[in-house]
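Letters are used for the chains, namely A, B, C and D, taken in the order the chains are written, and counting of residues starts over at 1 for each.
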């Protein structure tokens, strides 16, 4: 089986790098609302990755739960407390 | 704390790196995971259960016991958040949560929400009902259904949604969904089969045992969808208003 | 209904009842209480029936969920070890449910039905964890019991929220380590069923595999975090101390013991004696870790002035007993550890119930709550003394026998440090409890002169379960031989 | 498609560049490993409780990525039977044509568990903020000591 025929591995590695950047950013930013939004982006990229890895059901769930509801919940909390974080 | 964390991470990283070298390659069709158990599901799912989506058939039937408890986890989370936030111990609380600023109502947002919510709910029902044949199922449909209410609450306010969907009803739905799942499973006991053996339902439904599996799964997915919808909404409602159920975001 | 279905009934009854309470009992607190007690009783009866079946047939029961044959479906496997732990968990839950009548109202105000729902779900989760024969299913049930315990612990006094938050972080790390470890096993074997895993893992190739070994480490460390083994115990004392009374009576005896059971189950039913003790030759190091846990837990307990906090540090020490006993790698040690799961659950339950009743009546949490308790609450204080004797290890109670087995195991294994730590910890417990009993009997110095103290016994709903536990401590001690030869001997893995 | 790597590198990889094959051949596992460590670091080292929770969800999704990677199969399609009904339904089903569905099922459960834990943790954070007036761990510890 030929690698580049079956899996879009270049695309894959690009997303993997972006996912890691998002993860670092979500932890490093000082503004909690931005953190929440970036963690939503992180989930969405994960969901792309999983679709591409043939896990459609998981990706569907992650798109609805991780990128959707979790982000709203995080935002809901972040807006209720002091927005600035010390680290 | 930072140094301790770095130490833990370095130790764990070295351990996991050692292990990863030992794994079969990513996507290797001859890895143990791809050759041992999964072919059975792929080859027999249609014969055993009449469901072409293997994920659904494993989720709701072969490993239905897991999924039942997964629904219970969701239910439990909803009750947990409710008891934590709605539990009144005001004398211990120093701070009143700052209210997020609302700049009046936004016409465009509200109009868009009005247009979006009905198709979303319809799509959610489709996802639940068509989970046997396409990606999706109870969880995904339930989350979308819950998200449609959340969208409404975001565009208007919490009161608009809670007027249509009272907190009591939300709780009732949450419990009802899990009870549908567990009830379908427990009823099999009365029909003389093991817990969650949907085949037992063929006596009641008047179909073949295999179709009974398919119908059992549909019933279970509906139960899951109801619970997930209610709990997603309840989580949002409680977290966005800090447990007061007044304003929301 | 036939006995065939009893394994599933053990956990289906609490689960369905919890749901029914949440649906129908929002306005009927009394009804919720009655329903919960009935459910726990039903679960206890089902567990007893299952245990009798297992003992009579001498073989493990395999219950196929959904009629799917393992390893494709999930199965419940109940052998001698499970049956004992299931009966213990459901019995403790029944007693705590009876006990909760009076104290729960003060803890949870208007939301009693929710409290009982969580109670039922917690017990269903714990029982499911004990009964399951599937590695991934264990994770799901672990999370159910964890989530419901977060809710119950968060209702406690003082800074309970922060303590609970720490528990969430640690608990999630533990559960995720476990999940990752199971993933490592899955990627190498392709299966999740415990019996099937054990078959595949018994080959020499798998014994050599690095990733299986690291998977094993991840699983064990994850469970150690869950059971609060020193030095991973940081979350436990605060969370349990601040918890409300019924909650701590329910969670403190059961959670750590069930985790210990899971460790034993995974070590011997998924991996093998050969793998754990011979391929990975670290068991002596783990015994030293357990020794450190015993010493650290005992010394911290000695330093406490808060009754419940002192008990939680004793739990940390007791976890060290059991982990050490298991990793001694001989029959006496493991017998002691399994026996100690049973006896320790009952002794901590006994002490927590007695202490909670005293706190309930006096409203104090420090040692001063114990003043003149013998006159104020004679029954409670007798129960307290029985529990204290069991922890110290005084003969008619079961605490003596578990220590005896553990010490014999330590001597056989040549682990003198462990033996010394056991004796040291008994000594410390004796110091702590005799001081408490002295305060309880004579009162503190300031109050020596005043003799007249009004009787203020705990309510009947608390007295009955307390007396039952105290009686059980003595009965189990008397029938040690029968329990060991009838149940525990059969649950020891071959080749040990 | 892209200029690098040259065509056919994967067939020759075992001889000439095992390291590269190791990196690309298991790239998902490495990424999962990195995310796992990032998440764990966030959970332990971050001072802000909300950051800890974000770290927790990164940690959990890293594990999910790991499992999903196990289920991936080269040359396979999504785990839904094509032509499940109708005249072609009687075909012989070949397991190699479909991705491994079992990890997907497990991870659906794990996602749901993740969001449940997230919700509970957020509720507790809100309560901590009300009681202590802050969600910075050091300030909370100070206020407990007082």
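Criterion: contacts are C-beta pairs under 8 Å (C-beta built on N, C-alpha and C of every residue); 3 or more make two chains touch, one makes a residue touch a chain.
Here the structure is a predicted model, which is why all the values come from computation and not from measurement.
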Set of chains adjacent to subunit A and to subunit B: D
Pair sharing more residue contacts (C-beta pairs) when B-C is set against C-D: B-C
Centre distance in Å when subunit C and subunit D are each reduced to the mean of their C-alpha atoms: 32
Centre-of-Cα separation between subunit D and subunit A, whole angstrom: 10
Gap in Å, rounded to a whole number, between the CA centres of subunit D and subunit B: 18
Of all residues in subunit B, the ones touching two or more other chains: 16, 20-21, 23, 27, 29, 31, 33-34, 37-38, 41, 53, 55, 63, 66, 70, 73, 76-77, 80, 84, 97, 135, 139, 235, 239, 242
Junction residues of subunit D, two or more chains touched: 27-28, 36, 40-41, 47, 69-76, 78-80, 102-104, 106, 108-109, 112-113, 115-117, 119-120, 122, 124-127, 129, 131-132
Subunit C: positions in contact with at least two other chains: 136, 140, 143, 147, 150-151, 154, 186-187, 192
Chain-level touch network, classified as line, ring, star, complete or other: other
In the complex with subunit C, residue positions of subunit B that touch it: 15-16, 18-24, 31-38, 40-41, 61-66, 69-70, 72-73, 75-77, 79-80, 82-84, 86-88, 168, 171-172, 174-176, 178-179, 182-183, 185-186, 189, 193-199
Residues of subunit A touching subunit D in the complex: 1-4, 6-7, 9-10, 12-13, 16, 19-20, 23-24, 26-27, 32, 35-36, 39, 42-43, 46, 49-50, 53-58, 61-62, 65-66, 69-70, 73-74, 76-78, 80-82, 85-87
Subunit A-touching residues of subunit B, taken from the complex the two chains share: 27, 29, 53, 55-56, 97-98, 100, 135-137, 139-140, 143-144, 146-147, 150, 154, 232, 235-236, 239-240, 242, 248-249
Touching residues on subunit C, where the partner in the complex is subunit B: 1, 5, 8, 12, 15-16, 19-20, 22-23, 26, 63-68, 71-74, 108-109, 111, 114-115, 117-118, 121, 124-125, 128, 134, 136-137, 140-141, 143-144, 147-148, 150-151, 154-155, 184, 186-192, 209-211, 213-215, 217
Subunit C-facing residues of subunit D, complex: 36, 40, 43, 49, 52, 56, 59-60, 63, 66-67, 70, 102-103, 106, 109-110, 113, 116-117, 120-121, 124-125, 127-128, 131-132, 140, 144
